[in-house]
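Multiple structures follow.
Below are two complexes that have chain A in common, paired first with chain B and then with chain C.
Entry: the complex of A and B
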C-alpha cells in the first residue's frame, strides 16, 4: 500500500497538478451547472466565455463540446519576445514569473499555482507561468486547431525549453552545501526534472562537508561556548 | 499555524469552501510528497473531503440507471472529477504510509509528543503503526531476539551514542515557494542571509541544523514546505 515512488513529484503528477490550472473556453453546447467536489460549476451558455479547470476543458474539447482559447503568453509573438529575452537580454537568469495578484489579507491562505489565473484569456502576455511547459504541450496536443499557428508555437516552446535547460545545467556550478539559492521563474516540470539531481548533489556535498562542520562546532565548544549559549546566539541570528 | 486554523478564519471569504478545500488538499499532498519529514494530519480537512467524496459516490450510484444522454454526460464529468479527488486522497495517504513504514519508531515518538489538538497521525494511521510494530517485534522476538542476551534485545536502544531509531534526513534539501514575505533567514555557521519574499522559489538546505528540535516544517508557509520558516516571522 505504501507509495513506491521516491520523494519529489513525478512528471505525471506535475501534469496532474497542471490540469487544475484555469483556462478559458468558448462552449459550443449548453451545459447545466454542476455541483462538483472542487466547488460549483457555473452553467455553460454558448457563446459566452467561461473559465474552467484544464482537465474539464480537455474533456469538453475531446468531445467537441467546446473550443479552448490559448492563454496570451502562448502566442507566437509573446513566446518569441520571451525567447529573445531568455537568450539575449538575460543569458544567465530565467525570465521573471508573472506578477502576483495583490497579497491576500493575513487571514486567508495565499493562493499559488495551479490556482492562480495565470493561463486564462486575460493572463499577462509577457511572462511564463509556473506550469508553462506542461500546459503548452497539453494544449498543443489536445487542441492544435484552436491555435493560429500551432507549428510556430511548438517550435518556440521547444526553443525556450532548450535555452532554459541549458541555464539549469549551468546553474549546477553554484550548488554548494550551506544555504540556498533563488530560482525565481523556474517552471514546475523543469523543477521536477532537476529535483532529484539537484537534491542529490546538495545532499552529497553536505555529507562531505559534515565532518568539517562538526569539527568547527567542536572547536567552538572548546573555546568556551556552552551549548546553551550557542542556542541563544542562534536565536539572536534568526531575529 | 495549521491549515485548518487558517481555513476556519477565512469563513468570510467569497471562495466556496469546496474550492478552498481542494486547494488545501493539493497543497497538503504536494508538501507530503516532497518533505522528508512526516507532516501533521489535517484532520478536519480530510473529514470534509472524505464526506463529500462519499456523497458524490452515492449520487453517481443513484443516477447511473438513467439513460438520458444529457444526464449521462453530466455523470461523466462528475465521475472524472471524482476519480481525480480519489487519486489525490489515495496518493496523499500512501505517501504518509511510506513514511510510517520507513521510520515507525521515530514517528511514533513524535506522535506521542505532539499536542493533542494537532496530532501527527490520524487514528487509523496510529492504529496501523502500533499493530504493525507489535507484529514485527513479536516476530523478531520469537524468531531470533529471544536467543540474544537480554541487554541486546531492545529494538529502540539509544545507549552508546548511536540511536537504533532511524529517522529521516531532516536537513535534506527542499524546494520552497514563499507564500508570504518571511523576511531574513539566516544560515547557521555562515554569514549567509537571505531575504525571502512572497512568490520566490528557493532551493534551501542547511538552515539552522544545530537547533533542529525547534525547527518545524511550516506547511502553511511554502508550497513545498519551508524548513524553519516559523521562527523568522
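Entry: the complex of A and C
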C-alpha cells in the first residue's frame, strides 16, 4: 500500500534497462577508450564500426559524433515479413524470439537474452528481440536520419504493436484460474503494458473459483494425497 | 481481502433473503413489527454477514439452523441465464455493485459448479471488452458508454489498471520525442 507504483516496471524503467543493449555505430570522431562499469570500451577510430551500449550511442548521436546503424530486424523488409507472419501465417501465436546460438563449447556457459547482442548490425534479421519496441522507438526518435525509410519503419512498428496487443488481449479468453497462456516472444514493453490487466483477470478468476479450489484440495487431502513441495508453492501463490 | 477492505465490507452488507425456521421472541423489529415475535417461516432480507452467522448457528435442542439462506436475487437463475446468453449486455452494476465478490461469497456457502462456470466465463468475456475499451480512448465515452456503466466494482478496477498502463506507455512514447 505504501508504494504508489503498480507492480512490475514502469515504461521509463523498461526503457532504462533497454539502454544496456549493444548497438553498432560508425564514429565520426576519435574517442579514447572508456572504463565503464560494464567493462572497458575500446577506443573509437573512424570509420571502424564499434558496438556500444545504447545510452552511449544515443549520447554520441546527439552530439553528432557518431551514426547509428539500425539492427537488421528494424528494416522495412524484415518488419513487413514479421508483420505478415503475425497477421496471416499464425494469427494465434506471437512470432518467435531470436534463436539462441549453439553454445560455443561444453565448458563455457551458454549465453541467453540480455547478454546476447540482439540489436547490433549482425543480429538475426528474422526475429524480434525482447526489447524490440523500446529500442525501435528510441532509435526512430534519436536517429531518424540513419534509417533508409524511417516513416515506413515507424508505420510497420505501430502496426506490429497493434496486432500483438490485440493478441495479448484476446489471450485472456483462454485463461483459467490455474491455466496458462503462451507468451513466447512477447517483448518487455508489451509485458509492462499488459501485466496489470492479465494479473487482474487471473486474480478475479481465482476469487470466483476459490470455493472449487478449496473443495479440490479437501478431496486431495482426504484421498491421502500428501502435501508435496508443489502444494507449498501453491499456498504462496494465493497471497 | 484484508480486514479493512472496503469492498469486502460492502459485500458483506448486501441483503440476502432468509427464512426463519424457528419462532424467535423479540426479533419482530426485523420485519417492521416493533414489539412482536418473529414467526416460524417468515421471510426477511438480512445482511449477508448476519444471515450467514444465523444460518450456521444451530439450536441446541433441535439441531436445526435458525434461518435458511436463499440465493440473493442478483444470482437468481434468470440473471445466470442472461449471463449465459450474452455476458456483455448484462448491467451488473444495477444488480449489485460488488457482483463477483458477492458471487464468490455465496459460492463459499453453496456448492454450485454451474454458477462458478457461468461467472468465470462471463468475467472472461467481459474482461476482453474492458481491455478493448481501456486501450481505445474514444470507446469508453462513445459507443461503449453503456457497457462501462454496467461494470461491477472488480471490473472497474481492472479497467482502471489496464487504462493506466496503456496511458503510461503512451506518455513514455511522447516523452522520448522531446
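Definition applied: the second predicted complex is superposed on the first by the 201 of 239 C-alpha atoms of A that agree within 3 Å, B and C clash if a C-alpha of one lies under 4 Å from a C-alpha of the other, contacts with A are read in each partner's own complex, and residues count from 1 in each chain.
In this section, contacts are C-beta pairs under 8 Å (C-beta built on N, C-alpha and C of every residue); 3 or more make two chains touch, one makes a residue touch a chain.
Keep in mind that what you see is a predicted model, and the values were worked out from it rather than measured.
Once chain A of one complex is fitted onto chain A of the other, the partner contacts of A:136 are absent, as it touches neither chain B nor chain C. Look at A:173: by the touch rule set out above, it reaches chain C but stays clear of chain B. Touch criterion met: A:34 reaches chain B, while chain C stays clear of it. In the superposition on chain A, contact is made by A:195 with both chain B and chain C.
By the touch criterion stated above, A:20 is placed in contact with chain B alone, chain C being left untouched. After overlaying the two complexes on the shared chain, residue contacts for A:117 are found with neither chain B nor chain C.
In the superposition on chain A, the chain among chain B and chain C reaching more residues of chain A is B.
By the touch criterion defined above, A:70 reaches neither chain B nor chain C.
In the superposition on chain A, A:184 makes contact with chain B only, while chain C stays out of contact range. Comparing the two interfaces of chain A, the one with chain B and the one with chain C have residues 177, 195 in common.
Residue ranges on chain B touching chain A, taken from their complex, read 3, 6-7, 9-10, 13, 15-16, 18-20, 22-24, 26-27, 30, 33-36, 49, 52-53, 56, 70, 73-74, 76-78, 80-82, 84-85, 87, 91, 94-95, 97-98, 100-101, 169, 171-177, 179-181, 185-190, 192, 194, 198-208, 210-211, 220, 223, 231-232.
By the touch rule above, chain A contacts chain B in their complex via residues 1-5, 7-9, 13, 16-17, 19-20, 31-32, 34, 36-41, 55-56, 59, 63, 97, 100, 103, 107-112, 114-115, 177-186, 191, 195, 198-199, 202-203, 206, 213, 216-217, 230-231, 234-235, 237-239. Put simply, chain A touches chain C in their complex at residues 6, 10-12, 15, 137-138, 141, 165, 169-170, 172-173, 175-177, 189, 192-197, 200-201, 204-205, 207-212, 215. Interface residues of chain C, counted against chain A in their complex, comprise 100-101, 103-104, 107-108, 111, 113, 116, 119-120, 123-125, 127-128, 131-132, 134-135, 154, 157-158, 161-162, 164-166, 168-169, 171-173, 175-177.
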